[in-house]
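Pasting the structures in now, so scroll down.
Look at the two complexes coming up: chain A is in both, with chain B in one and chain C in the other.
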Partner chain A sequence: MIRKRLIVLFLAPASLLYGGLFLLPTLSTFYFSLFNWSGFGQDMTFVGLNNYVRLFNDTVFWLSLRNTLAILFVGGFFVFGLAFLYTVLITSGIWGKKFFRLVFFLPNVVSVVALAGMWAYIYNPRSGLINTTLSTIGLDSMAKTLWTSPNNIFWAMLAALVWVFTGFFLILLMAGVDKIPTDTYEAADLEGASLWQKFWFITVPMLWDVMTISFVIWMINAIKMFEFPYAFGFLQVPQQLYTLGIYLYIMGFGQRDPIYQLGYATAIGVVMLVLTFVLIVVMRRLLRREQLEF
Partner chain B sequence: MRKTVFAFGLGTALSALSFGALAQDQVKLVYWSLWNEPEPGANVVKSLIADYEAAHPGVTIEAVWNGRQNQTTVRNALASGTPIDIMDADMDGLKGGLAGAGELLPWTDDLAGASPDGTGPFADLFYPTLIDMSANDGVSYQIPYMLYAYNILYNAKLFRDAGVTSAPEDWDDFVAALEKVKATGVNAIAIESDIAFYNVKWFNYLLERIAGPDFLLKAVEDKTGETWRDPAVRKALDMELDLWTRGLVPEESRGYQWPAAQQTVAFGETAAELVGSWLPVELADTVEEGFEWGAMRFPAVKGGLGDINHVEVNAFSFGVLKGTKHEAEARDFIKFVVSAPSQQRFADEAKIGVANKSVAWAPEVATARQSLDEASLILPENHGIKALYPDYSTNVYEALHNQAFLGLITPEDYIEQMVSRTKEFWANR
Partner chain C sequence: MTDTTVAARRQPRLPGWVRRLPAYILVWAWTAFTLAAILYVVMSALKTKREVLRSGWNLPQEWVWSNFATAWTVGRLGEYFINSLLVVGVSVFAILLVSTPAAYVLARARFRGRETLTNLFVIGMGIPIPMLFIPIFGILSYLRLSDSLTGLSLVFIAISIPVTIYLLTGFFASLPSELEAAAVLEGCNDFQVFWHVMLPLAMPGVLTALILNLIWLWNEYQLSLVILNSPQNRTLPLGLYSLQNAMQYTGDWPGMFAGVTIVIIPTIIAYALLSEKMIAGMTMGAVK
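What follows is the complex of A and B.
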């Protein structure tokens, strides 16, 4: 009994902080989403579920949702595809494992604004790294590609985003791989297993828990994606780069224009929360496997 | 001894009383600013604060440098009860934001009163219609102090080298002048593909020149959206797209992200850009010594209802928060900032255009000022829709125009989408 009371006592401060700083604001977000509210003063008009009906009929909301899902799935495919590829290569016994791990992780310690600025220079049509390199090696027609034109800017941003995030998930996956007993791989080597077979039959099953948690982290990051596309758009974010997070900000905080529809913006926030929750539940069900102990 | 102790005690008591009275009289104004601290404009504001404090020993001013999204920061601060006396933001933003929400004090009586330098009514200090333009339902809640005109800013030498010695006043002459510039081997027009609010100025002006200054607002307020099918819309689109077809805007501009295009102006590779008169200040550190700036009014269109002397502007304004406890001092400081000597300091040191019409602008923006002196009508950003319907302005008008302007959608698609999105906007409102 005393032990239970002690547990409650120790948990109380954290629970109060968590409840006060996260649960209550989350609940109040849903409450505010039922109002027309500019955020100035206390003048709020109850509109019921109208903000959600309006979202359903809002072209820009659907565009933002589409972009967010493209980041989640297309971006996720490349982030994890590359992270797995590099994990296999770096853990295959090549020289300089720590060096490569550091190089791939480096973008994560640099400010997002600086990274976005750097990519703007890389994509510059005339003097950017990509087009000057293509021109130097004789690919003149490709060197005329306008990477940040309205047709390409989303994919250009996504490519840069994949570059930023791959290193982070590479570190997570490599940490998982480092925990796999080396004798398992040695046994596979003795049996003549190829690199691919070792990856598929040893690494993936024994890395399942790390993979699941990595997917969850990516999913949360992708659905609330804001900083990088916002910084990539810089002075005025083109609509082609709108994510749900950016649209929420534009509608609630205006960026350059006095939009200030905080009630509507919180409705977007609620949709993001529900989307995150549903996708995580679905994904965890799909990825549920028997616990592997080693 | 007793006398000494008594005298000492009395002295201490009197000192305490006088300090107490001083502390009671001391006024601290809190000013939240749209400037970033390192900007030239912020340096001028700092020097004005120092001068004001020196002239008013009972007043101190604490400035908080928030940058251009100041209004949003102020909103959040007000919600948490932070006391703020004065703030500033761009005029249309303030009109649609704090002023519209009733959070600012009105200036009606002050504007009808004498100006700080006693030369006439306070309202007459400013460019005509500027005060009216900033008003909400006829009541002024803000005092403009910075003013930017949207003109075609150009490298005068490049135009002279091409044989263009006077600013064209008609669209056909304008296009012919740009063709001459292009023939000399430089690009005629600079476009930043990602800055929709720059690019939409082409369309704003063309629509105004063709269909008059009221057309845009009329089209937005038509709940059926059908006004967007007016032939003037198609004509304006075709005219601006013709600049691309003729190669007057280089193809690679479709991939330029700010500030890539304006850098080509600074380096003398491109001759002109349609932008606000802040450009010479932004490029001051990049252009070569002796770079000669010119600013031409947006040309008229033959047979159109608009006028070459209708100029679109952007302004920065001050507002006094309604929760202030130092209303008189706050108003007095703002009047000090818009007085001619203070405004002259902005013009000379920060090279920014100012709202006080008696002040001479810096040589770099003198031609922009001339366009305002000659203006018969001053138009707000996006002809008023930015302040009245900001979500439409950003999410529909500017966004779709940029797609059409950069060739992502055809003019037919643009018109159809404007019709349907205008209907959608009003249905959701």
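What follows is the complex of A and C.
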């Protein structure tokens, strides 16, 4: 029996820190988003839903939203396509399974800033890894591609992002595959099932729960995406790379010059939170189905 | 009759390694790219400014080890390394200190509102961090803790509580209750049960939470960017970021790569040693 005194004592520190520095600040953004507020220590003027009306008419906001959704859906398509492909390949009985898992997951333990620096160089037009390798193997016309020109930079960033996150979801899916009883596959092998049939009729249904959680994790991560595109843009992040998180930061703090549109910035934060929770609810609805027994 | 149909239907089977060849090629393509990218960075860190721009895959003509010294002293990565060590060390210790007892109570005690409180903690995992930029900066300014490592630590603790409690609650809930009952019969009070029985059993979980928080906070960058302003307070990721930005003006690619190498090598070594534990921890919450 755990006494009440101990319950309170054990819960108080975590609740205070979490409540005071995480939950309440989050809720306070709803309040701040109703004000015109041009700097810490400045007066706040109540403007109602004006900030949201402004967002609706702000082309940069729509661009940031479009980029965020492109990360979520286009990026997600490739992340999960590749994570599934490589889960099947790595668990198909090839030698060195653990080593491959280690390498695929590696980008997830390394500083995002370091990765951004690395990728800037991979894409470097004159001396980067891609163009150098292309010209070494004789593809000289392709070796002149400017991977980070304004038209390409978002997709270049997204490719790097896919490289990072594929490894993350690969280890989740592989852990799910490890839980599937091996005799299921052995039975399928006896029946002469192909790799594709085994994937579609055994792996996918058995992995449903892991998939649902993976999709939710990806959704949360995609909507709050800030660090990688921000570091990838270096000193002056180009608008082509803006996500909701980056636009919020720019509106709140600016880059080289401060902007301090704090009320407006918090309204972007509210949009991010609402988007996250709406999409999670919609997705859980879509993916809900009978619990599978095995 | 059945024998012949089965034999006719069975396809001729190729030897195992031939059937697996496409798998090997695709998996090695990805692996080779990742390893090559890291190797390219480390190699470029050892070249001269001029050589790095034209020598591509060639080895450095002369190995310029001084690039590392420059990044460490002139780029001040040495100072930032200490800052990171301090902030992350203190934060991770405090996170476990407050989250472990809370997770224990949420998993094992019976009281009204337990589920609501658990959900309230867990919901934090879905809150987008950029939402906190402005209110956190405001609160820390009010507490006169903005632009300080203390303020950053407090924020680190707060944002790590949800996932840590989520992981540890799952872990405590999975422990058997027989030992708990036996300890009570032996005359232990509730704190002693926690301290002498349940905590030791939960140590693998606590260790996993420790490693995961260590990695996340060591690389944390967005809130540090918002909170810290003075150059002497920078953490390692922020220091690297400013080094990379300075590089835009100086064109000192090898210097930047020396910085990147200094930042990634310790993590890669730690990862090589602890990868099983880290991967197990990452998947612990998601795959039951």
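The criterion applied here is as follows: the second predicted complex is superposed on the first by the 269 of 294 C-alpha atoms of A that agree within 3 Å, B and C clash if a C-alpha of one lies under 4 Å from a C-alpha of the other, contacts with A are read in each partner's own complex, and residues count from 1 in each chain.
The working rule: a contact is a pair of C-beta atoms (placed from the backbone, for glycine too) under 8 Å apart; a residue touches a chain by one contact, two chains touch by 3 or more.
None of the values given here were measured: they were computed from a predicted structure.
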Partners on chain A (chain B, chain C) - clash or fit: clash
Which of chain B and chain C A:L49 touches, first, second, both or neither: neither
Partner chain(s) touched by A:V204 [first = chain B, second = chain C, both, neither]: neither
Contacts of A:N57 with chain B and chain C, given as first, second, both or neither: first
Touched partner set for A:L235, first chain B, second chain C, both or neither: both
Partner contacting more residues of chain A (chain B vs chain C): C
Partner chain in contact with A:A175 - chain B first, chain C second, else both or neither: second
Contacts of A:F22 with chain B and chain C, given as first, second, both or neither: second
Which of chain B and chain C A:M142 touches, first, second, both or neither: neither
Partner chain(s) touched by A:F32 [first = chain B, second = chain C, both, neither]: second
Touched partner set for A:Q261, first chain B, second chain C, both or neither: first
Residues of chain A that lie at the interface with chain B and also at the interface with chain C: 40-41, 120, 126, 234-235, 253
Chain C contact footprint on chain A (complex, rising order): 1-4, 6-7, 9-11, 13-15, 17-18, 20-26, 28-29, 32, 40-41, 85-86, 89-90, 92-94, 100-107, 109-114, 116-118, 120-122, 126-127, 129, 132-133, 136, 163, 168, 171-172, 175-176, 179, 192, 209-210, 213-214, 217, 220, 223-224, 226-227, 230-231, 234-235, 244-245, 248-249, 252-253, 262, 265-266, 269-270, 272-273, 276-277, 280
Partner chain A, residues of chain C touching it in the complex: 9-11, 16, 20, 23-24, 26-27, 30-31, 34-38, 40-41, 44, 52-54, 56-57, 97-99, 101-102, 104-106, 108-111, 117, 120-121, 124-139, 141, 154-155, 157-159, 161-162, 165, 184, 190-191, 194, 215, 218-219, 221-222, 225-226, 236-238, 240-241, 244-245, 248, 253, 256-257, 259-260, 263-264, 267-268, 270-272, 275, 278-279, 282-283, 286-288
List of chain A residues in touch with chain B within their complex: 38-41, 43, 54, 57-60, 120, 123-126, 144, 146-153, 233-236, 238-239, 250-251, 253-261
In the complex with chain A, residue positions of chain B that touch it: 68-69, 71-72, 75-76, 78-79, 92-98, 100-103, 193-197, 251-252, 254-258, 260, 386-387, 390-391, 393-395, 399, 402-403, 406-408, 421, 424, 427-428
